[in-house]
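Two complexes, one shared chain (subunit A), two partners (subunit B, subunit C).
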Partner chain A sequence: MATITLDNVEKKFGEAYAVKPLNMTINSGEFVVLLGPSGCGKTTTLRMISGLEAVTAGSIRFDDRDVTWLHPSQRDIAFVFQFFALYSHMTARQNIAFPLQAAGLSKTEVTRRVDDVAALLRIRHLLDTRPGSLSGGDQQRVALARALVRQPAAFLMDEPLGALDAEFRETMRAEIKRLHIQQNATTVYVTHDQIEAMAMGDKIVIMSRAEVQQAGTPAEVYYDPSNLFVARFIGSPGMNLIEGAYSSGTMLLPGGNTYTVPDAWRKALEMSLPDSGKVILGFRPEAVVVSPEGALNSVVYADDLHGGYSMLHLELPDSSIVHARVGREFSFPIGAPLQFDVDPQMVRFFNPVTEKAIRLNGGEA
Partner chain B sequence: MTAATQAPGAPGSPVVISTRVDKVGTRPKVIGAIRAVIAIIIAFIMLIPVIWMAMTAFKSRPEAVSAPPVVFFTPTLEGFASLLTQRRQATTAEIAAELERTDLNWMEQIALSRGQLVIGQSAFLRQLLNSVVITGLSTFFSVTFAVLSAYAFSRFSIPGKDDLLFFILSQRMLPAVVVTIPIFLMYRTLGLHDTHVGMILLYTAFNLSFAVWLLKGFIDEIPREYEEAALVDGYTRLQAFRKIVLPQAATGIAATTVFSAIFSWNEYAFALMLTSDLARTAPPSIPLVLGVGGIEWAAIAAGSLAFLIPAVILTFVLRKHLLRGVTFGAIRKG
Partner chain C sequence: MSQATTGAAAPQVTPYRAAGRRHLSDRQILLLFILPTMILLICMNLIPLIYSLFLSFTEYSVISGTPPAWVGLDNYTQILTSADFWANFATTGRFAILSVVLETAVGFGLALLLRYKFRGSGIITTLILVPMMLSPIVVATFWKLIFNPSYGIFNYLIGFTNPNTAPEWLGRSDLAMWAIVIVDTWMWSPFVMLLCLAGLSAIPDYLYEAASIDRASAWFQFRRITLPQVMPLLLIAVLFRTIEAFKQFDLVMGLTGGGLGTETVSVRLYRLAFQGQFDTGMSSALAYIILVVIIAISNLLIRALNRVREG
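And now, the complex of A and B:
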């Protein structure tokens, strides 16, 4: 399994950037998810790694091998497509054997390897079926088998679960994750589904507007988003963001609420903020602590039970909405006044001008 | 009193009517029968000229021209004999001599019964062979070139792509009659007049524009992911084209083949002007099967019937591909 290094890789269509110069290292055996809204350049990045799309500038290396200008067939990669791309004129077995035949393996070896991978994916009974008569999940298993059978340097997957029903998606997500662990295969996985990204990735690379917004572990991007885009994009709903003015230890929020900034953050804010003291307060819905002594006033706007928990929609005095995740045993009538606090461990601050997160040491992300 | 104790059909017993549509037997059956009858009637109406032609081919000369037309008659091979032979009027002495012979074949016998002698084979079989050769090769070349260029137009960004496609289409815009004279002059200068090469070249060029457009549509329908999957799996683009694109485009190739072949097979105007003897194809020669003393309608019908058969065979062989217009692909459109 190879380590993939992207060095200032960029892609332009005419004058417009599809991917701005990008540096990234995907370590051997790592599962990296490229996550972002559609049109953010994540698929283009993946296709440049595969060689299906030529780079405009920069270089791509697999270990020490420069593959920037190699044909896809020479890169030793396997690609799983969103719509499977199984050949309808071949049986499942012929589909899986197809990459091995390109390598010119002997017939017995091909049969053995196809049988092995079919056993791994539990599709042996489907080998003589044509893709057209398989279910979506089984089609994707065949597509995965075709990728796995060759033991390539890296797996590239472009929204492989996007075309599946929700029910299959859960199952296949677990299967892909398990396969990745078994094979210890370097995997680059593209998705727009953040739940998939959080669940599967060792590392998540969040892209937007042709740029990497943040790269980090799922915990890092969730708890320490490096900018407002990531804060809003990760989590459902995303981070609560309230703009206010900081001065000497407190933050004046619109509508009259006053938030006392935790001691740990005061120095950082004083160091990094402009004179106006404008700052954005951010906290996850689960950081809300409802208590009668809470410093922040709100009115219950709506209260949804999600089974395992309740999601409160709280209206602040300036009519902006804050989402709060509370235990399922709590329920509040609509219109009731409610006081809450924010867990000081889970508070984050952002600079409204640069949109970047302020770090505890006073620097910006 | 419960319903179960009563005999079925007895007065007062519950009337059991199934309301399930698939259990209602008679109506769908009637509709099916009506449909079949209508289909047969339409097919019959469409086929009347062909049936009439086939009948005429087996009629004797007086039956073929009789008014009112004869529907029931004793079939004869006179028409075919006239089509395949050249004959002359025999003298009484020659007829007597011929009658002595026992080694006459069927054509000679038919000729003799009409007081004629067979003096040689007609050109019809050679003209039919010319048609087969010219149609076969021109179809092969136009479909081959069209697959390659349609693939290129479909997959690559070619500078001036739309203009080129329009240019290709424009090859087909002038009717044959308009361009025959200049082509005739060109061909005479180039020594292509009345040659197989000349006709193959012309039909290939003429079919190409249509074939490119038709095939481009079919190839556009094949998802790019198919080839991309083959490319990352270790195949070159040409291998991917051969192993993936060609089988996927089989339907389109079959359709294009039939259309191109039928065009070349039926082409009349160019063939009439640009061939005279060596490379003359069947269409311009069939109406010219002149008998001795009058038009041989039976022979013309026999020629038309023979001419029809290869086209029917080709369509029949490729019917599976023509009917299977949709590939049951494993690509799901999102």
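And now, the complex of A and C:
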């Protein structure tokens, strides 16, 4: 298994950047998810790693091997496509055997390895079926088997679950993760589904507008988003963001609410804020603590029961909406006034001008 | 279809005027659409077909004025035991194999070349299709001029610049068949190309991407992806061309008139039926034999096609 290093890799179509110069290291055995909205450059990045797309500048290394200008076939990678890319005129067995036959392996060796990988993915009973008569999940299992059978240096997956229905997606997500743990294979996985990314990735690289917004563990990008885009994009719903004016330990929010900034943050805010004191307060829905003594006033706008919990939509005095995640035993009549506080451990602040997060030490992310 | 038609028309017609028509049931409308075609088919195709089957068992000539005389299987026995007729079948078979093989190779090759768009590929494709749209008699007439040993351009193009030593394509029994094959290939390769292009453009790019990642060589990709994916359409092209080749008549008549070892069964049939004695009984029998042969070959090809499709 290889370590993949991208060094100032970029892709331009004419004058427009599909991917701005990008640096990234994917360690051997790591499961890295490229996450972002459509058109953000994540698939282009993956295709450059695979060699299906040529870079316009920069270099790509697998361990110490420079593969920047190598043909996909020379890079020793496996690629799983969104629409499976199975050969429709071949049976599942022939599909899985294809890379081995292309490499010229002996018949008995091919049979042995196909049987092994089919057993691993539990598709032995499907081997004589053609892709056309398989379900979406089974087609993707066959595609995974074709990728796994060669034991390549890295697995590249381009939204492999995107074409599956919700039920299969859950199952396959677990299967891919289990396979990764068993094989300990370097994997780069592209998706636009942040839940998938959070569930599967050792590391998540969030992209938008052709550049990396943040790279980190799922917990890091969730609890410490480095900018407003990540704060909004990760989580469903995303982080609550309220712009206000800071002055000497309190923040005046629109509509008249006053928020007392936790002591730990005061120094950081005073160090990094512009003179106007404008700052964005951010907190996750689960950071909301409903209590009669709460400092922030709101009115219940809507209350959705999500099974295990309730999602409250709270209308602030300036009629902006804040989401709050509370236990399902709480039920609030619509229109009722409600006070709440924010867990001081889970508060984050952003500079409204640079859109970047303010760190506790006073710097910006 | 019929339901949609009535459904759409009904609201526009006032109840009074519609009184006479609204009793037409869907089934009646269905029949109204189908019957004219059925009647034409029965009169023009089915009745002549059955009548000629009857004639094939008789001794009869349309110009003799005597009624058909039943002779049983005599016509068939005579044809099938005559070396003459077998020679016609052999000529037709040779022509069919040569022309279909060449057309498939040239057509598929052209399709591979024109598969990816480049500047002017659209106009080139259209130009290549022109021969197919011409009338065979026109094609034959032009090629007769092209093949002419004194002033034709064909010999010049293949390097024979001296008219005295240049081969006479339509005057030598060893070349006449090839001349017809060349013209047929020129005319019908575009047809094979068209079907192959349709097949090629239906192959998704990601199959090649997957294959190149799977480390398949260009030849391996061609053999394992391109060929099998195009095969159904290629076989349809071959099916059409084979049937047409067995019926080959106009190019032969236009180029050699059926002489110099180019007398195909269709030409023989024409001569038998409409020249000399107008041997209608015998020619009906020959026509039926050709029909059976073509149906048999078509069935073989259709079976191959279904095998390719279903695996």
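Rule of thumb we're sticking to: the second predicted complex is superposed on the first by the 365 of 365 C-alpha atoms of A that agree within 3 Å, B and C clash if a C-alpha of one lies under 4 Å from a C-alpha of the other, contacts with A are read in each partner's own complex, and residues count from 1 in each chain.
One rule holds for everything that comes next: contacts are C-beta pairs under 8 Å (C-beta built on N, C-alpha and C of every residue); 3 or more make two chains touch, one makes a residue touch a chain.
Quick caveat: nothing in here was measured; it's all calculated off a predicted structure.
Overlay on subunit A: subunit B and subunit C clash in the combined arrangement. Once the two complexes are overlaid on the shared chain, A:99 sits against subunit B and subunit C alike.
Here subunit B and subunit C are compared by how many residues of subunit A each touches, and B touches more. In the superposed pair of complexes, A:232 makes contact with neither subunit B nor subunit C.
Of the two partner chains placed by superposition, A:359 touches none, neither subunit B nor subunit C.
Residue contacts after overlaying the shared chain place A:163 against subunit B, while subunit C stays out of touching range.
In the superposition on chain A, A:136 makes contact with subunit B only, while subunit C stays out of contact range.
Overlaid on A, the two complexes show subunit B and subunit C touching the same residues of subunit A, namely 50-52, 71-73, 77-79, 81, 83, 85, 87-89, 98-99, 102-103, 130, 146, 150. Within the complex, the subunit B residues that touch subunit A are 223, 225-226, 228-236, 239, 244, 247-248, 250, 327-334. Of all residues in subunit A, those touching subunit B in their complex are 50-52, 71-73, 75, 77-79, 81-89, 98-99, 102-103, 130-132, 134, 136, 139, 146, 150, 156, 162-163. On subunit A, the positions that touch subunit C within their shared complex are 50-52, 71-73, 77-79, 81, 83, 85, 87-91, 98-99, 101-103, 130, 146, 150. Listed in rising order, the residues of subunit C touching subunit A in the complex are 204, 206-207, 209-217, 220, 224-225, 228-229, 311.
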